[in-house]
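Single-structure report; data block below.
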Amino acid sequence: MNGFFSNTGNILFAAVFAIQFLAIVFTGLKNDRRALYYSNFVLLIGLVSGLFVTLSSKLFFALPTGPQNSLLNNWIRLDGLSFYFLFVIQLAAIPTTLYNFSYLRHYMEKKIGIKNFILFYILTIISTQVIVIANQAVFFLVCWEVMSISAYFCMILEKEKEEVQKGSFYYFAASHVVVFILYIFFFLLHHQTGSWFLSDYHLSFEDGAVISTIFILSFIGFGIKAGFMPFHFWLPQAHPVAPTVMSAFLSGVIIKTGIYGIIRTFLFIKPVPEWSGWLVLIVSMISAVFGVWYALAQHDIKKLLAYHSVENIGIIGIGIGIGFIGSANNLPAVEFLGFGGALLHTLNHAIFKSLLFIGSGIVCQNLDTRNIELMGGLVHRAGYIALFFLIGSVAISGIPPLNGFISEFVIFTGFFSIAGELKNYYPILMLIMVVGLAFVGGLAVACFTKVNAIIFLGSERKEVKHFHTTIYDYLSLGIFAALCIAIGFYPAPFVEIVQRVIAASFNIQPSSTLINMDWFYLSAIFGSIVLGIAALLLVKLWHHKKYGSRVSGAWACGYENLSPRMQYTASSFADEINTISGSILLYNKEIDKSEKPFPTPLKFESHSRDFVDRKLAMPAYGFLKSFISKIGIFNQTDIRYYIAFILIIITIYSLIAFLWT
Amino acid sequence: MIEFLVFIGLPLLLAVFCYFMQDMIVQFGLTLLAAFSHICLSALVFFGFYEANLPVFFGLDALSKLFLLILSNVYFWVTLVSYSYLKKPVMPKAEEGKKFYFMLLNFYLASNSAAILSSHFGMYWVAAEATTLSVAPLIYFYRNEEALEAMWKYLFLVSVGIAFAFIGILLLTLSAEGTPLEGRQLFFADFVKNAGVLNPIWLKASFIFIFVGLSTKIGIAPMHSGDVDATSNAPAPIAALMSGSLRITALLGVMRILQIISGTSCYEFARVILITGALLSIFAAFVSMFRINNYKRMLAYSSVEHLGIITLGLGVGGLAFAGALFHAVYNSIAKVVLFLTAGNIHRRYKSRQVDHVKSALTSMPKTSWLFMLAFLAISGIPPFGIFFSELKIFEGMLFSDVPALLVLLMFFLLFIFINMGRIIFSMLYKKGSDEPALPEPERWESNHAVAIILLIILTAIAVFSPDVLYQNIIDITKDFGIRL
Amino acid sequence: MDIEIIQGIISLLLLILLAPLFSGVVNKLKAKMTGRIGAPVLQPYYELKRLFRKETINASNSSFISRFSPILNFVAVIIAAAMLPVGFWKPLISFNGDIILFAYILGLARFFQILAAMDIGSSFEGMGAAREVTFALFAEPIFFFTIGSIAFVSGAASLYEIYHSIHLDNISYMVFVVICSISIFMLAVTECSRMPVDDPNTHLELTMIHEVMILDNSGFDLFLYQYSGYIKLFIYTVLEISFFNPFGKESYLVYAGIFIVIAFALAFLLGMAETITSRYRMKNIPQYLLFATAIGILNLLIFTFTQ
Amino acid sequence: MENVLSILFCLSLFYVSLTLRVKGYIAVLRSQGIILAILLLYPFIYDFSVYGVIIPLTILIIKVFFIPRYINKIILDLDIKRQVEPTIQQMTFLPLVIASMILIFLATHIISLITKIDVIPFASGFSAIVVGIYIMIFRKKLIVHVVGFLIMENGIFLFGTAVASELPMMIELGVLLDVFVVVFLMGIALNKIRSSFEGIEVTQLGRLKD
C-alpha cells in the first residue's frame, strides 16, 4: 500500500472503481425506475471517468493523472496490454450502458423485475475490467468467475422462457469448463515459476513439454470463452436469449477476455513454438469461415450475430496466429503486424458488434420477434437506425472505408509479410490463408446484405404499429457509428496506440512495419471517396432539377398486386450458398411441393443446426447419459445389496492388500 | 472439568431433562443455550484462549479442535432454526416426532462431541455408534413410510458398518502384538508414536475394516446408499446436521487410523484405498446426478461427492490434504445453507420431486436466491470458500503422483455441476402449467438470516483466511507428517 | 506537380474514357461473328448520353439506399481504376497492399448494389442479388489466387510492383502467367456478367443476374450503373493486358501496340464466347468458378515446385 | 476350552444356516450368548474377581435373556410367520457357508504362521461375522436381519476374545449398551413398519430411489 495515494492517478483510478461499485448501491432503491436511472447514471460516470483515467495513462497520453503500473502490492498491474483492453472495455461499455436506459424501459412496462439485472450488469462490467488488470492468479480466477456468473444472472432476465433457460445454461456449463481448464493452467504456471503473480510468469524454451501443455490449455480454456470453432457451441445458444444489452456486452467485450488470456499467455511463454502459430491460425481460419457460413444460414438475427462473433474471433485469432509464427521465427515485423491486426480487430469488433446487437435489439423489441423473415421495410420507419445498422454492417464485413477494413488490412499485410520474410513453402500456405480470409469477407458481405436488406429494406412483412425509439438508442448507436467511421477514416492514431501496446508490453524488438504502413494514404483515398460521392450527389441534384425525377411502382412484369409476401426472403437469398456446404451446416430445406392439378399453397423452410452442437456435443452427452443409465450398480433399493457391497468391497480391498508388494 | 461438562455433560443432562420437560419453548431455549455455550467454548479452545483439560479417554489435538468447531458451528445454527421449523412442519404426522426432537438433538451433541474429543478407539466407537442411535429417530421425524424406510436402512446399514469398524479396531490391537504396545490401551497417541513397529499386515486389515465400516457413515460409495436415503428423507435441520457434522465425525475415525498408518510402510496402500473409495463416491454421485428426480436426494448425493473430494484430498496428501481440511470446513457450512433452503422449498411445495417445484424464483425469491447462491458455493464458484479449497485440492493432485486422476475428477465434477445446475435451474425457473392465484409474498424467516450469515461466513473465512485456521491446519498436517 | 501523378491522372482518364469503347468493340465483334452488322463501335457512348438525358424514376418502395448506391458504385469503380497500372506508368493510387483495397473497394460497390437491388422489394431484384452475391463469393478467391500468387512469387504487395515483377523471359514463368491470365479472364466473365455466366442481352428476368438488379433504375442512376459496368469490364481487360507487357522496355509504341492487340484479342474472345456458348445453368456456375480457382491453385503449385 | 467353545459356536452357525424356523434362530442366539458368557467366565475358575465378572454377567443378561425375549415378543406382537422364506435354496446356502468357513479357516491358518493368533476362535468369530452377513443378504424377513446382525455381533465378540484385546470395562459396557439400543430401536422400527407396510419383509422397503 506504500505510496498508493502518492500518485493522483492511483487515487483517480481507485475512485473510478469506487464510483462503479457505488452504482451497485443504487440498485437497492425500491422503485425500479429510480434504481435503473440512478445506478446506470452512476455507472456511466464511473465508466466515462474510467475511460479518461485510462486515456491519461502512459500508454495513451501520458498525463500525470494516469495511474502507476503496479498497485496494491502488485495485485493489480497496468501494463500496455491491460490498458488497451481496459480501454476497449470501457469504450464499448459506455454506449451499451446508455442503451440500458432505453432497453429496460420495456421490461418495466411489462412489470418484470429488473433490479437484479442491473446489479449483475454492473458486477459484470466491473469484474470484466478487473480481469484485464488483475495480476494475481487466484484473484484473476475469482474475477473471471464473478464475471461469468454475473453475466449468467444477467442472461436469465426472462427466466420463464424455455429457450432462455436452455441457452443460458449452455453458457453456464461452458464457463465452468473454462474455469477447470484455467485451474490447471495456473497451477502449471505456479509450479514452474513458484509465484502466483502473472508478472512473474516467464517461461523459456527449456521448459519444453510444459510450454506446450500451458499453451494448449490456454488455447482451449480461453478459446472456449472466446468462441473458437470447435468450442463455440455455447455462443449461438447463449447470445440470442440474453437481454440485448447483455448480448452486446457479451459479444463485444466478454468474449474478448478470452483473447486477452491467449495474448497474455503468449507473453508468459514467448517465443512460442511454431506449431502453436499454425494451430491458432488453422483453428481461427476454420472459425472464421464456418462462423460466417453458419451465420448466413440463420434467420434469428441475434443468433446470426452470435455466429458472426465466432467469425470475428476467428479473424482476431488469425492475427494472433500470424504473430505467433512471427515470434517463432523471430520476425518482429511480422509480430507487429499479426498482433497489431488482432488488437485492432478486437477494438473494432467490440465497436461494431455492440452496434449491431443494440440495433437488432431495438428492432426486436419493437417487432417482438427475432426472426428476420418477419421483418422488412423498417428503413421507412426508422431511417437513422437503418443507417447506423448499415454502418455497422459495412464495418463488420470488412469493407472500406470503415474500421473493419483497417484491421483486416493489417492482417492481410501480415500474410504478405510472412510470405516475403520466409520463403520456401510459406508463400503457398499464406496464399491459401489470404484466399480464405477473402472468402470470409465475401461471405460476410453476403450475410450482411441479407440482414440489412431483409430487415430494413423492401416493404413491411409484418404490420408494425408503432416503432418506438428513444434518444438513448440514437445516442448509443451514434457513438458506435462515429467510432466506426473515425477508425476507418483516420486509423493512424489508433494504429499508433496498438504499436505502442506491442512495443511497450510485448517485449519484442522494435519494428515500425505497423506504423509505417500507408495510413495517411488510406485516409486520403477514403476522403476522396467521400468527396467523389459528394460531388456526384451535387451532380445528381442538378440532374434531378434539370431532367426531373419521380417515383413509380416497381417492375413486376405487369402484375399489379405486389404484396410484401412476394419479396425475396432471407432463406431464398442465402439458399444457394448454404446448399453448397449443407452437410456441415446441417442445412435442410423443407419444400412443400404440391403435385395436384390445382396448386395449393406452397411452403419453403430452411433450417441450419450447429454441427458441433448437434453432431458432437449433444450426441456425446446423450451417449454418456445412456451409458450411465445402464450402470445399475448404484441403483439398488434393497438393503441386502447395500450389505453385500460391504462384504464385496472388503474382499476386494483385502485382495489388494494381499497383492500389495 | 468445565469443558467436559459443556461439551458432553450439559447436553447429556439436557437430553434427560427434555425427556421429562414437555414445553417446547423451554426445551428450545435450553438447547440453544447449550449450543451457544458449546460454540463459545469450542471457539475459545480453537483460538487457543483456553487450554482444555479433559478426563481420561478424551483429549484435544489440532484435528479434534477443528472438527469440534465445525460441529458446534453447524449445530448452533441448526438449533437456531429448529424452533421455527418445528412450528411449521411439512407433514401433519410430525407432531409425535417433535416431543423427542430436542432430546435427541442434545443427545446427538453429547455423543458427537464425545466422538470428536475421544482419544481412544473404543471410546470413539461407542460415541460414534451413539450418534447413529440419536440420529436414527430424528430421521423418522415425519412419521411417514419413506422416513421409516430411510431410518431402518440407515440404522441397519450403519450398525453393520460400524460393527465392521469394530473389527478393524480389534485388528489394530492385533497389529500391536509383539510390540511395546501389546496389552496397552488403544489410545491414538500411543499408536501414532509407535506406528513404525506395528505389524503391517494387521494394520492394513485394520485400515480396510475401519475405512469400509465407517464409509457407511461417511457416505463413501458403494456404502453410501443408507446415508443418502437418510439425508434425503430427514427433516431439513437434521439433514443439515448429518451432512455438515455427522459425516465429518465419521471421517475423523478414518483420519485417526490414517494418522497411524501415515508413518508406516502401509501408507501407500492406505492412499490407494482412500483414493479408490473417494473416486467411487464421486463416480456414484456423478452417475446418480444424471437420473435424479428428487432435489433433497440430489443434495445428499452432493454430500457424497464432497465427502469423496475430501477423502480424495486426504488420500492424495500434500497440499491436497490441507485443501481437504479446508474443504471439510467450507462444505459443512455450505451444506447447512443448502439443506435449510431446500427445506423451505419443501415446505412450500410439499414435495421433494423436482417436477413439482415450478418457478420457485418468483414464488419464493429469498429462499431461491439463497438456494442458488448455496449451489454456486458448493460448486466451487468464487468468492465462496469451496473454490479456494478445491483449488488447493486440485493443485495438490496435479503435482502429486496421480495427476491423471485430476482429469477424471474434473470430468466427474463438471457433469455433476452440469446436472445439478440443470435440476436446480429447472426448479427455479420452469413455469408451472397452473400458476397459483397470487402466491403470498415470502416473508423473512430465521433461516433466511441464518443462510445469509453462513454464506457471509463462508466467504469471509475464504477471503480473510484467518491465521488461526491456517495454523491449525498446518498443525494437523504436521501431526500427519505430511509435507506441504 | 510530380510527373508520376500526371501520368496517373492521364491513365485514369484514359481508362474512364476508353471503357465504353471497349464494350462497343466487343459488341461489334460479336455481331460480326453472328453475321450481323451490329451497332456502331461508339454505341455505348450514345447509350450513356441517352440515359443521361432521361428523367430518373425510383421504385415506390425504395429508400435512400437505391438513390445513393449508383453514386457509390461509380466512385468505387473509379477508385479501383485509379489503382491500375496502365502501361509502365505508375497508377494514381499505389501503395503496399493496394491489391487488397482493390478487391475490397469493388466489394464495397457490390455491397451497395446488392442492397439497392433488395431495396426495391421485388423478387426479381432479390433473385438477382442472391445470384450476384453467390457468384461474387466464388469469384473473389480467383482474384486473390492469381494476382496473389504473382505477388507472393515476387514478394511485392502493390499492383504496380506486382505487374512490374513480371518478366516474360523464363518459359515456366511465361506458362505461369498465361494460366494466370486465363483465370483472370474467367473472373472477368463472371464479374462483368458476360457469357457463359450471365447473358447481358437476355429478355427474361428469371435468367438474368446483373441486369435484373438494375431493372428498376433509370435515368441518371442507370447511367452511373452502366458506366461503372463499362469501366469494370475495362478494368479487368487492363488487368489482363498488363500480364503481357514487356515491362523492361519503356516504349510507348510497343506498349500501345500490345494494348491494342490484346484488347482486340480479348474482345474477340468475349464475343466468341457469347456466340458459341450458351449460358450455364445457375447451379453449375459455382462449379465453373471453382474450376477457375482450381486452375489457379494448380498453377501456383506447379510453379512453386518447378522453380 | 476356548477351542471347544468355539467349535460349539461354529456348530450353532451351521444350525442357523440350516433352519428355516424363526424360533430356531432365537435359540441359536441364546446358545451363542451362553457360549460367550462361559468363554468369558472360564478364566475365573482359576482366578476369581468380582470386578471382572460384571462383563460376562451383563452379556449373559443382555444376550441370553433380554434380546431373545425381546425378539420373541416382537414376533408374537407382530404375528410374524414362523417360517423363513429363503431367497436361495438351503442346499445352496449351506455349501456357501461351509465353503466360506473352509476359506476362512485356511486363511487364518496361513496368517497364523506369520503372526500369533488363536486359529480356532479367530476363524470361528470371523465365520460368524460372515454367516451373519449371509443371513442378512439371503433372507427376506426383517426380523431375521436383526438376528443376522446379532450373530455378527456375537462373532465380533468371539473374535475380540481371540485377539486377546483388553478394552476398558466402561467401553465394553458401552459397546453392549449400544448393541442393545440398536436392537431396541430396530424393534420399534419393526413395529412401525408392521403398521405402515403390508408386511415386514425387505422387499417392502424399496421406495427410496433416485
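Brief remarks on what is shown
As written, the chains take the letters A, B, C and D, and residue 1 is the first residue of each chain.
One rule holds in what follows: a residue touches a chain if its C-beta (ideal position, glycine included) is under 8 Å from a C-beta of that chain, and two chains touch if they have at least 3 such contacts.
Here the structure is a predicted model, which means the values were calculated and not measured.
Path length between subunit B and subunit D in the touching-chain graph (shortest route): 1. Counted as hops between touching chains, the shortest connection from subunit A to subunit C is 1. With centres taken as mean CA coordinates, the chain nearest to the overall protein centre is A. Seen from the Cα centre of subunit A, the chain whose own Cα centre is farthest off is D. For the pairs A-B and A-D, the larger set of C-beta contacts lies at A-B. Chain centres here are Cα means. That of subunit A falls 44 Å from that of subunit B.
One inter-chain figure worth recording: subunit B and subunit C are separated by 78 Å, centre to centre, where each centre is the mean of the chain's CA atoms.
Remark: subunit C and subunit D have CA centroids separated by 100 Å (rounded to whole angstrom). Remark: subunit A and subunit D have CA centroids separated by 70 Å (rounded to whole angstrom). Those residues of subunit C in touch with two or more other chains do not exist in this structure.
In subunit B, the residues that reach two or more other chains under the touch definition are 152-153, 156, 160, 201, 288, 291. Subunit D has residues 133, 136, 145, 205, 207-208, 210 in contact with two or more other chains. Chain pairs that touch, as defined above: A-B, A-C, A-D, B-D. Looking at the complex, you find that subunit D touches subunit A at residues 130, 133, 136-138, 145, 202-203, 205-210. Listed in rising order, the residues of subunit C touching subunit A in the complex are 52-61, 63-65, 67-68, 71-72, 74-76, 78-79, 93, 95-97, 100-101, 103-105, 107-108, 110-111, 114-115, 118-127, 129-131, 133-134, 136-138, 140-141, 143-145, 148-149, 151-153, 155, 157, 205, 215-216, 219-220, 224, 282-283, 286, 300-301, 304. Residues of subunit D that touch subunit B in their complex: 111, 114-117, 129, 133, 136, 142, 145, 149, 152-153, 156, 159-160, 163-168, 170-172, 174-175, 178, 181-182, 185-186, 189, 192-193, 196-197, 205, 207-208, 210.
Residues 635, 637-640, 643-644, 646-647 of subunit A are the ones touching subunit D in the complex. On subunit B, the positions that touch subunit A within their shared complex are 152-153, 156-157, 160-161, 164, 201, 204-205, 208-209, 211-213, 215-216, 221-223, 225-226, 269, 272-273, 276, 284, 286-288, 290-291, 359, 361, 376, 379, 381-383, 387-388, 391, 394-395, 398-399, 406, 410, 413-415, 417-418, 421-422, 425-426, 428-431.
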